[in-house]
């Protein structure tokens, strides 16, 4: 059991894994069940400051907080950091606004089977974005470490690769078995955006289907902004305590945004709008056309309802609802 | 493409557990389930467990991946199942692969801070290849993809060959298993861990193998000729797995 | 960041935290969805061997696998090890049979507000049981480490105390912050007994209410025996994937044992039988009376149905059902 | 007992988060919720979060602890909330307590391997006292319980006093907060961390304080006389919190 040859990733660690600081923050954070309803505009104004580090719930094009991301562009927030934990359409939106200058990257610039975002790649190839590499599991476990209140978690990913070399992880030796392990540092984002199926006005949230990392992200983040398909009565939460994923004390703001994951998929509600997502990718190929597209769809819309309306409104949603239910 | 999907599917025995992505891997797993492996357990890294897939998912996290599934959970839990040794197979791709099965899906270029081309990065690939027992790669084969040295080791194969993978701390007895291309099927030498021909597709030659890789692929004295998809396999693949030709191509 | 003065607990580590061995075991374990229905008698005969290490689900007197514990006594299994993760009535039953010779103890010999078990204390005071100390959270995290496939987890409990001194934990330094942390080793039990609300014949399980540590115990254990209030159709499992706590591949045997947590509480079904639990405590004060009590209730009953019948049968259960629902 | 429960309840301010066990702590939390702290969040270590307690639970895990609760979860998650700094208060007891608030609930005797008396052990006590911000102890006071040296440090108080708790690696600014006995209420000296009188119950004397502890309890120049429970507090406690007298005694 030697401690020889233990390597450290050379990537920048953007956020401190200091659990004492995090504890002190969470200690003073108010834990009253008060009405947290607000608007997308107010929530972004109040909780997002230039330079903040952002975590985005969902899975890139599934259960994503689209309205909040649009508002970040609209309010021209700058120099943000964010965790690219399967960041697909969310990364694409933030790239459209050139809102960030650093990124913990596990999956960025792509949209899975749909292809790659020309515009996001342009940004990441420009040399102006500071990037630290991770894997999906590593980022999941970084959120989990923070949620658990420990400064790191051990794991067995990333060892031996350039992904490790350009990360900010560290090799350690197991105190029991002597084996080499990777330690990933806790990640405490400044703000999380999470879209959920149902929430009460205090921020108790239910999510259907996969959680991705949102249970942990909500606990890891200093501030949490929830958009929800529906506000439900507080009594509904208490009727099935087993369904509550995020408890109220994690949450700072709640906004009812029906169809809020559009053009992403909302499990059980509506499927992704593949035509519109293809349009994004197509427009990106021509910077001028893309700029006009973003102006029309985001900058010059006053809210998410206008965006929905521009792209088919209720009828489109109904169609996506039918696709979701295989009709 | 039909051939590649079919070969991939034949490698998934009944009772195995596989983590798949969208596209070819998902089609292969569905085909296996509808042919020899009804008890194949299919996981998706975003949290879907054993759905009755009604059609091909577009995203590894979309609602198809939990359709009538056995469990829906978090990405961490799926990765932890892999880390605990539950998962037999994963399927990966990449922009570049080297002779030891190391994969690059991060960047092309020599300066990390200013990539010529930026790709998505690891996603879950590094984790799955680190933690599952056997990694399968399905990829077109050419000199641009089969390179002497990948620009960035996103995802571990056998690293520098020999025992280097285990020495790096990765779980023992894991690693690249097969590479399925449009030319042949490859495995790895049990000691040096170099890529090695296992079977040649009908109509392909050893020259095709050699001319479509920058590195030397080992050619053993005995290798097989790939068995073509049976009529039954093709029928299931075309009619049930991928009726819209999303993976195998539209007719 | 020195590595000076890091302490190691002097307690015995009963089970190896070697994850490579555990991986190899889980690799070869069959993962077919086959019919796993069996009987309590067969399951204990087949999966419990003298000397095995046992983990018991539930919370001592809540959702406990009583029928399996009785059968362990009936079959006179000996020299078992077990994790005393809030072991109350379960510890009391195993103590009645003198079935074990070692124990990872977080909470033993007591029954919470009900008092202490004279007989279990006699055993633990006899010097014949090897005990290693832990806290509840430490044992929870030991199961979680095993479930995650890592040889240890860091935490901030037990530091500075005799609980640590008589544990098998180790102090470590955080590779990022330099702070002192406690490392708890993964715990891979040989067999777990877990009682659930609903399971299909393949072992996919649903649990209502608190999980305690049973999600992790099921993943950590080499063999898992499930007793369930009800067998449900496989289709029911697939109707709500979000409700599945334990997936089939963890499970070796499934037995339908209605009222199987009696005399413990089964959340939503029936409350604990406080009269009968008080009778246990009272009988224990006189060793002869207690031996007769155990003969009558366990050794000379052929199965759990007889035990239920002896203690009030359906009528008693109906009463406990009403108590559970505050009637 | 009514006095002790009432004092404990007064320490739980609105908006606080508290982990409780059965008995006195639970009664105190319920009383606080029904008086000055409607927004008190009550957690149970077995996994119950913020139930609308219909009556006193018998077990920290029984179904009362999730009755109309906000969430039901695992013990690990509750402990992780504590570890993350969410939880303000925990309530503990024990067979022995020393001047630094260290608690013994493991054994009486000098040989660990052959205890004279074996108690349950830590349970969650060590975790809660390590990880929550403030530890409150409610206990009868006598020389057998208030000892110079506990036979076994199950649960950390201020360890050897001074900075020793932080030096051991326990979270900063945490530790014993108050001890509520049948004689008085005690705190701890801000530097030495010795137990110190805060208020004396009506009718009790400084001699009662001294004669019922093996160690010296600091007596500051100024201390208070405990305010008796108000009629309102007693009414709520007797009629709503504990109508069956499980904790406060049957009438």
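We just call them A, B, C and D in the order they show up, numbering each chain from 1.
Note that a contact is a pair of C-beta atoms (placed from the backbone, for glycine too) under 8 Å apart; a residue touches a chain by one contact, two chains touch by 3 or more.
In this text, all values refer to a predicted model and were calculated from it rather than measured experimentally.
Engineer: Any chance you could name the chains that touch chain C and chain D both?
Structural biologist: Where chain C and chain D share a partner, that partner set is A.
Engineer: Between A-D and A-B, which chain pair is linked by more C-beta pairs in contact?
Structural biologist: Higher C-beta contact count between the two pairs: A-B.
Engineer: Taking the mean of the C-alpha atoms as each chain's centre, how many Å separate chain A from chain D?
Structural biologist: Taking the average C-alpha coordinate of chain A and of chain D, the gap between them is 40 Å.
Engineer: Give, as an integer number of Å, the spacing between the C-alpha centres of chain D and chain B.
Structural biologist: 56
Engineer: Rounded to the nearest whole Å, what is the centre-to-centre distance of chain A and chain C, using the mean of the C-alpha atoms as each centre?
Structural biologist: It comes to 37 Å between the two C-alpha centres.
Engineer: Please report how many Å separate the Cα centroid of chain A from that of chain B, as a whole number.
Structural biologist: Each chain's C-alpha centroid was found; their separation is 28 Å.
Engineer: Residues of chain B that contact two or more other chains, please.
Structural biologist: Those would be 66, 72, 83, 131, 171.
Engineer: Using the touch rule from the top of the page, what residues of chain C touch 2 or more other chains?
Structural biologist: Residue numbers touching two or more other chains: 19-20, 149-150, 155-156, 179, 181, 209, 241-242.
Engineer: Linking chains that touch, what shape results: line, ring, star, complete or other?
Structural biologist: Topology of touching chains reads as other, fitting no named class.
Engineer: How do the chains pair up in terms of touching? List each pair.
Structural biologist: Chain pairs that touch: A-B, A-C, A-D, B-C, C-D.
Engineer: Give every residue of chain B touching chain A within the complex, in rising order.
Structural biologist: My answer: residues 21-23, 45-48, 54-55, 58-63, 65-66, 72-76, 79, 83, 102, 106, 112-127, 130-131, 152-156, 159, 164-165, 168-171.
Engineer: Taking the complex as given, what residues does chain A use to touch chain D?
Structural biologist: Against chain D, chain A makes touches at 19-20, 22-27, 30-33, 146-150, 204, 219, 237-239, 241-242, 244, 247-249.
Engineer: Give every residue of chain C touching chain D within the complex, in rising order.
Structural biologist: Checking each residue of chain C against chain D gives 58-62, 84, 86, 88, 105-110, 112-114, 116, 121, 124-125, 127, 133-138, 140-141, 144, 155-163, 166, 171, 179-182, 209-213, 215-216, 265, 267-268, 271-272, 274, 324, 326.
Engineer: Using the touch definition from the top, list the residues of chain A that touch chain C in their complex.
Structural biologist: Spelled out, the residues of chain A in touch with chain C are 3, 13, 17-20, 149-156, 170, 172, 174-177, 179, 181, 183, 185, 208-209, 241-243.
Engineer: Which residues of chain D touch chain A in their complex?
Structural biologist: Within the complex, chain D touches chain A at residues 14-17, 39, 41, 49-52, 66, 68-72, 80-86, 88, 131, 133, 171-173.
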